[in-house]
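Take a look at this one; I'll ask things after.
Order as written gives the chain letters A, B, C, D, E and F; numbering starts at 1 within each chain.
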Amino acid sequence: MPLGKYIEEADASPEVRAVYDDIKQTRGTDWINNFWKMIANDPKTLKRTWEDLKEIMAPGALDPLTKELVYLAVSITNGCEYCTVSHTAAARKAGMTKEMREELIAVIGMANNTNRLVNAYRVDSDPKFIEAASTL
Amino acid sequence: MPLGKYIEEADASPEVRAVYDDIKQTRGTDWINNFWKMIANDPKTLKRTWEDLKEIMAPGALDPLTKELVYLAVSITNGCEYCTVSHTAAARKAGMTKEMREELIAVIGMANNTNRLVNAYRVDSDPKFIEAASTL
Amino acid sequence: MPLGKYIEEADASPEVRAVYDDIKQTRGTDWINNFWKMIANDPKTLKRTWEDLKEIMAPGALDPLTKELVYLAVSITNGCEYCTVSHTAAARKAGMTKEMREELIAVIGMANNTNRLVNAYRVDSDPKFIEAASTL
Amino acid sequence: MPLGKYIEEADASPEVRAVYDDIKQTRGTDWINNFWKMIANDPKTLKRTWEDLKEIMAPGALDPLTKELVYLAVSITNGCEYCTVSHTAAARKAGMTKEMREELIAVIGMANNTNRLVNAYRVDSDPKFIEAASTL
Amino acid sequence: MPLGKYIEEADASPEVRAVYDDIKQTRGTDWINNFWKMIANDPKTLKRTWEDLKEIMAPGALDPLTKELVYLAVSITNGCEYCTVSHTAAARKAGMTKEMREELIAVIGMANNTNRLVNAYRVDSDPKFIEAASTL
Amino acid sequence: MPLGKYIEEADASPEVRAVYDDIKQTRGTDWINNFWKMIANDPKTLKRTWEDLKEIMAPGALDPLTKELVYLAVSITNGCEYCTVSHTAAARKAGMTKEMREELIAVIGMANNTNRLVNAYRVDSDPKFIEAASTL
């Protein structure tokens, strides 16, 4: 059971409604998903989270699909169910095919595996990698 | 300090050397990084991990750069230092620019943030998202 | 489905009942919540966990509300549903208002975000901070 | 080794310098810590993160010390070294005493413990707690 | 709701069926559990995961029960519900008694606790332990 | 750098010294490792943690080696360096051979992998497993 009430558009304050309107316009939809309707209980967090997300997920040096795949990888690693469902849907809308999803999941599983092999042996970073990684 | 000795090529058993040779040939390099030299203490895990990784990270429906970005996102989320350094280097080699990395890091931070907003309110998955996510 | 049976007071051994009685007396309630009824399957863990918790959560240099907020922050970060529900209820009982909860959730989200920005760049600790943190 | 260069004030672009100035003025200090100097490599993330943090960590329904304790609890749970050092220092500056820190650490340890006891038995949320938690 | 369809044996491709047959033969059962029926959506991951698991979980220097207890400890720490249920069942089949499970859960809880006490104080590794751990 | 001072035996209060003496006697050693010397800054947590650990890690239905392997699996999964080093040393002392450690690490890596495959597909628990797991 959710720990709060969903704020429907009809019941939203002007402040909340303004964010809902921007979400709908930005996404070209007339539908608000549960995440926003729940965090609307805290209008400041609603506004801040939406503005951050809009800026971060906009197409840039990385395309929207790549960003959704990364979002999904983090959500799966953390075990967040809502996030996994919603970002699987979003990634699909952004063009993720069945084959892409399969490869994505395989990479996520493998990374979580080798992260622990490294933890077990406390492997030292290779100077060559440190140099390449720190001079980007 | 690493919890094991690095197995240098000169000291490697034929079984380990065969994996090292395949790594070098597949990657077009004559250099073996510390991760492999450490897990070579367990030749079966070395072989299995390398073969899995070679299959999973090969170009497919997702290109190598996208796979490296996902690997890095998981490693940063889990706080694995070696993995972050080595996959930042690998992503760079696969074409990650400074701008791509900045956007990647912003997405990772944001996903880790909203994962917890969702956890706090225990938001229900939207039926529309469940349907889209489960019929891929 | 829970992976065990809830031990109701009527079915409790004297050892378990003694802990239940102490829980009820300490909390000024006549009700035992599911967590205790489940771990009562292991009377030693029940006793140890309750005694630890009673000592740790008692008012001290930190007041009970602050302790509940911290408990909730950990539980949300780890994605533990039962813990999030029960400690949201406990924090509320200890005085957490709607506004406090909103701010708490915002801090938790932000901390989980910046923890990963730090992981991505492997930022060095500032000597000034190390000194302040280590001489408390 | 950090995976990037620290942007010193002397080398900062006007955009970065404006954030640095706001940090210094808001905090009443003339010193910028490594976190900001590192994420300044990405001026948009620097600006967004600082503005979010300034809003979230300002005194409100929760006082600054409580917010720092929560930030620290998340950072310790996630195992982020820089974050643990810097927020221990910040919490101390906000008034955390030795006794408060000891109690904080005990609560964090205990919460991480009982989160797993709950995971092991998959305990059901008590209806009474769900109601209290969802009607805040 | 699962994010995919379970591939029943009757609907399986020859490639998937071969893995199912090996699972049944190896385990001496005529039943395939949901995990395999779901990842069968990606036959390459099904095959790779099964072959890895068969190799890793086979009796060796560690007996099958010890391996199941370790698998369960990781799954409980990560909060994975399916994994906790299925590996509790598997451990039980491999000989885990009620008493063993209680002690296992106590160790898992304690380890998650002390891991955070260590994170909070950033304790240095003892040279004596480093030496013992690195010369195995 | 550690965020506190190590309390050496010579400087310990009678309360702390009593715990140190019990550690030494229980373990048959005359040496106190850094973990205890650090949490001795908080004598109540020192006492409580030691008494819990002594009870939990004593031989019982699970032998000491199995308990150490589980402790290590949790510590590696959580990425705790001190804990990984110290429990690798402790497991070795309790009889862990090189082969056991290799198999342990392989199981840990695999469990962290499949935990995420399950998260990605949100696999339903099999009724057969739920029954076996809940009637222990």
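Basically, contacts are C-beta pairs under 8 Å (C-beta built on N, C-alpha and C of every residue); 3 or more make two chains touch, one makes a residue touch a chain.
Just so we're clear, the structure is a prediction, and the values are computed from it rather than from any experiment.
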| item | value |
| --- | --- |
| Numbering shared by both copies at the chain F-chain A contact, with half separating same from different | same |
| Chain pair with the higher count of C-beta pairs in contact (E-F, C-E) | E-F |
| Rounded Å distance, chain A centre to chain B centre (Cα mean) | 19 |
| Centre-of-Cα separation between chain E and chain A, whole angstrom | 27 |
| Centroid distance [mean C-alpha coordinates] between chain C and chain B, Å | 34 |
| Touching two or more other chains - residue numbers and ranges from chain E | 1-4, 41, 44-45, 48-49, 52, 77-81, 84-85, 88, 98, 102, 105-106, 108-110, 112-115, 117, 119-122, 125, 130, 133, 136 |
| Chain-level touch network, classified as line, ring, star, complete or other | complete |
| Touch list for chain F against partner chain B, complex | 79, 84-85, 88, 98, 102, 105-106, 109 |
| Chain D - residues contacting chain E, complex | 76-77, 79, 81, 84-85, 105, 108-110, 112-117, 119-122 |
| For the chain A and chain C complex, residues of the former touching the latter | 3, 41-42, 44-45, 48-49, 78-80 |
| Chain F residues within the chain E interface of the complex | 1-4, 31, 33-35, 38-39, 41, 45, 49, 52-53, 56-57, 60-62, 66-67, 69-71, 73-75, 77-78, 80-86, 88-89, 92-93, 96-104, 106-108, 110-115, 117-126, 128-130, 132-133, 136 |
| Touching residues (chain side chain C, partner chain F) in the complex | 1-5, 44, 48, 52, 55, 125, 130, 133-134, 136 |
